[in-house]
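One chain, chain A, links the two complexes that follow: it is found with chain B in the first and with chain C in the second.
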Partner chain A sequence: MVGTIPTTSATGGRRSRGPRGFALAFALPMPVWQTLFFVAALLFLIVMTFWSVRNFRVEPDFTMANWVKMLSAGYFQDTYFRTVWYAALAALVASLIAFPCAYGMAFKLSPSFQRIVASSLILPYFTSYLVRAYSWKILLTENGVINGVLGYVNLGPFAMTSNLFAVLVGYMTLILPIVILLQYFSLAHVDRRLIEAAHNLRCGALRTVIQVVIPSARTGLILAATFAFILSFGDFVSPSFLGNNKPPTLSILMVDAVKSGSQWPRAAVVAITMVATLLLVAFLAMAFAYGRKAESR
Partner chain B sequence: MMSGRLVTLALRTYLALALLLVFAPIITSFIYSFDADKYAAFPWGGFSTRWYGEALADPDVAKGFHNTIIVAVTSALIATAIGFATAYTDYRYRFFGKNAYLALALLPPTIPAIILGLAMLVFLSRVGLSGALHSIIICHVVYSIPFAMALIRLRLGQMDRDLEAAAWNLGASEWHALREVVLPFTLPAILAALFLAMAVSFDEYAIAWFVSGFSETLPVRILMLLQREVSPKVNAIGSLVFIVSMTLVLVAQVMLVMRAPSQAAANGPRQGAGRG
Partner chain C sequence: MAEPLLVLERLEKRYGGLVAVQSLDLAIAAGEFIAIMGPSGCGKTTTLRMIAGLERPSGGEIRLRGRRLNEIAPWQRDTPMVWQSLALFPFLSVVKNVEFGLKMRGIVAGERRRRAMKWLERLGIAHYRDRPVDKLSGGERQRVALARALVTEPEILLLDEPLAALDANLVVRMQAELKQLQQQLGITFCHVTHSQSEAFAMADRVVIMSEGRLQQAGPPREVYRAPANRFVAEFVGANNILDGTVAEATGERVRVDTGIGAFDVRAAPTRPLAKGAKVALVISADQVNVAAGPAAEGNVVTGTVIGEEFVGAFVTLHVDLGGGTVFRVQLQQHALDKLGSVQGKSLTVTWKPEHAVLLSNA
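Let's look at the complex of A and B:
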């Protein structure tokens, strides 16, 4: 697989005398490791969906029973569409909240401030997401911080946990910083001359944003929303701890199947369905992002 | 003109609010880690370091911390070594199927960690490798390789391609040139990758939860605490974890920024010699 055509144009005379082993020593470790432990694991997960469980033990088999059982079950179908809906809603809400932030960063901040804000948006990803989700509970519960503050002005208490609002807040904790960053990167690359041209043609500020800025940053904006969808779709923590497992999402179904029964084959069916959905969504989003862009040119 | 300034002000205020929203849970966790009450409420019940005491005295937490350190350090070392080799391959060679090669390196983090966890549990238990610390290490290496590779590849991209060629021309073997030219140049990125990979492993709970068996890491312990009870201990542990992760990330950043003067000094003469 590894032919060695050096990308340097320099005449490395010694190089050809060197052992082939050199190139292989660098090229091989990654594919070996990732094939053994990543690709093989994912492929085996597909195989697992056809195995069966007898006496609480997983046994090799070739049965469609797990697929039929899961895909025809009403609770699975409900959960599937709920999870898609939650993830889509999270992607939409995050994109809407993030856009003014990204716009402000790209156009209304000095470069040094842009860098500070960008790096502070990366920081949360190195804190425990679990702990952040738990903190939201402190903020949102009935006698939590937010209701406590609202109580002083005689408002509330509002029910802000164990519902869709809480789950969405959790998703935002996970995805908002990355959505802002991705949108910011695409807005920062918008050609400023286009905006000036729009202004010179007496195009209003808001209209410039809608008709010039958003179309030019389209690919990045869709990429950001896709990321948000993927992360929310696979998230377990928010629906479990902030939504209190009710109603469940696919990841909760999957965890339950593994942890409380040894139903590995059924969990594998859920997991493979999730991966297939994510691949489809990523594919559609990319087709949409790049296809429409080419069309408008 | 006035309205333009108003819009700018509004956007900046909005951005500040959004940042506050992003950091609210981190700040809350830190504040409530010093709360004397068991059930976090508003206003808080007074200052106390009780939860830190309980967290540090908890043998499960201590064990988890110990396991986390072993897993983080070992997986970071392996992932950085493989990441370097992959980045160097990408930098130097062109070959058939290179896009697939790079996809294989970068793909793992795009699969939800919980699915990766299940896949690895199912697979590793089949080949008899599950339920121990080395299972977590194997999986975290898979997960960290892309981060390590990306950082080192960025740094390699800044290296003058003639440097290595010059070393060859002067009679250095490929290994020798790598050790004397490429490694010193990429050292800051290698160290940064090491710390970044450690930080990634340090916070990962989903995969570790599935494959660890009884060898819990700290994030898995936190998950267990959250599932079982209301415990302000979580805030104390979270704040401690936060400080450790931040230190790792900051060290990684400093490594990347610091390189400039020291590298110029280190490479200056060598570069001159290579060209001459």
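Let's look at the complex of A and C:
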């Protein structure tokens, strides 16, 4: 016995060093990739906001002109708040539409049916979001399918493109399935005994959803909404194709800055503002999702 | 018995073809501490859940103070329960957990807080009022769960193995506290457990269930000393069971032929037994005596000690009586000291006829 102990620990030590180096080698590409294509790119983007454009050519410089010009411009401020509002609205609407669906999946379907529905929610992502958003246009335009059908019963035509409604429909195409899935995963993990305990303490069915189910699934529900916000905030497809750039969002502003006049530095200002906004939103959402587990007055 | 508070009548629960509870009749008096026990899957928890309305009976009736409960939603009943997992709301503080039931009844915030604090103080956890429940120890959380269930001052409290997750020392303390609480409050406790010591330590009446059926209900002592059937005899206590046939039945005294000899037993005169009837003898391990030399009194048989088990001041000897029969004999440590070393020794095993219970083995 005494003799074997050092032997095993020696082999253990030698063994663990080998695979650790091996595992590190496999883990390395990801940090390298992240550093090259995200951190370095981001740093370059920050640097570029201080450059200037002369004769449609970007030149290294150190000027605050781009920041001052963009942040003081009324159209930028309007667009910024509009984009935040659209993304927040999309997150809210998606969360509200998704909740009954995710709730039904988690609590009313048999486990095998749950698996079928959950995997069918991944199916939309098999086709490009661009294609799906574009196909909405066929349905929604003035002489599109929906207005055509409504025309038979002497209704319409309704303006369903180039407005907030169209943009929201597009956002839903992008985010709704993933919001339902994320909500479903968090609802499926709600302890059923807590629901029974609530019923046992005279909490009715609907009230239990508000008092027990939502607080229990809080982290997941907030994460789903955050995800919806992030995806909608940076989206270009819906506001461009379904909203016809009217009114513009930050992503459209960014593309415009580049297209009309090669204003790469100004586009970089917009991009950095967006990244900063998303970081702030993500940070606040995490604090809200994980903090203050037990509320106490 | 006083007017029963809760009546279960021919209560049944089936899941598809599986029968969880079968034709259960039980009346529980107001102020009674009742323990429903049995092995897992015997239907005890299902019965409790039906009382709380968390399962719907497939047949029969549940009545609380004469009111049929079967179709009443769980949130319209006053049958608070304490879960094995406690099921405390992790997103609420201690005091808010306790207030929950009051809030659902629409009691205003100030009154709610006052009543919740009264219970927290009574159970000695008032200083934890603002803590999150997951920052408490097992015993403290147990008290929060009790306070949450009792704050609405119900007539009956349902307990579903709430002590199962606690360590042994704490279990004994909580048993005493629960019993004391129940006596002070004078409300009915309906406690489901698989632990015999838990049931016997607290309950006024013990209900033994097996395979969805009620096997025996009665005071702990009665169930222990006079098991109604073979299942109870095997489940409760440490009993020795001998199968045999009636050799002779004269009045109160019945002589039973078994594989290891013929023994006398005192039987209740209400049950006339035919000669040759199949019966079983149940002899509690603590009613058996052993001696090194020959003994004259009662039923005598000799055997060899094949094992010893020590639990505290008690010793259980395993004595091989031949013919595949091994008797368990429970002795106090000092009684064993007198015998000296017994392992492998031959001993005389005796018990009095009145200490054996006769079961019909039909």
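Everything that follows uses one rule, which is that the second predicted complex is superposed on the first by the 266 of 297 C-alpha atoms of A that agree within 3 Å, B and C clash if a C-alpha of one lies under 4 Å from a C-alpha of the other, contacts with A are read in each partner's own complex, and residues count from 1 in each chain.
Throughout what follows, a contact is a pair of C-beta atoms (placed from the backbone, for glycine too) under 8 Å apart; a residue touches a chain by one contact, two chains touch by 3 or more.
Note that the structure is predicted; figures quoted are calculated from it, not measured.
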Superposition on chain A - do chain B and chain C clash or fit: fit
Which of chain B and chain C A:Ser216 touches, first, second, both or neither: second
Contacts of A:Cys203 with chain B and chain C, given as first, second, both or neither: second
Partner chain in contact with A:Met105 - chain B first, chain C second, else both or neither: first
Chain B versus chain C as contact partner of A:Thr63, first or second or both or neither: neither
Which superposed partner A:Gln77 touches (first chain B, second chain C, both, neither): neither
First (chain B), second (chain C), both or neither touched by A:Ser262: neither
Superposed arrangement, angle subtended at the Cα centre of chain A by chain B and chain C, nearest 10 degrees: 90
Partner, of chain C and chain B, that touches more residues belonging to chain A: B
Which superposed partner A:Arg193 touches (first chain B, second chain C, both, neither): second
Superposition-derived minimum Cα distance between chain C and chain B (Å): 8
Contact residues of chain A, present in both the chain B and the chain C interface: 205
For the chain C and chain A complex, residues of the former touching the latter: 52-54, 73-76, 78-81, 83, 85, 87-93, 95-96, 100-101, 104-105, 130-134, 148-149, 152
Sites on chain A touched by chain C in the complex: 191, 193-194, 196-205, 207-208, 211-212, 215-216, 218, 293-296
Of all residues in chain A, those that touch chain B in their complex: 1-8, 10-15, 18, 22-23, 25-27, 29-31, 33-35, 37-42, 44-45, 48, 97-98, 100-101, 103-105, 108-109, 117, 119-121, 123-124, 126-136, 138-139, 141, 143-145, 147-149, 172-173, 176-177, 180, 205, 230-231, 233-236, 241, 251, 254-255, 258, 264, 267-268, 271, 274-275, 278, 282
For the chain B and chain A complex, residues of the former touching the latter: 4, 7-8, 11-12, 14-15, 18-19, 21-26, 28-29, 32, 40-43, 81-83, 85-86, 88-89, 91-97, 101, 104-105, 107-108, 110-116, 118-124, 126, 138-139, 141-142, 145, 149, 161-162, 164-166, 168-169, 171-175, 199, 203, 205-206, 210, 219, 222-223, 226, 234-235, 237-238, 241-242, 245-246, 248-249, 253
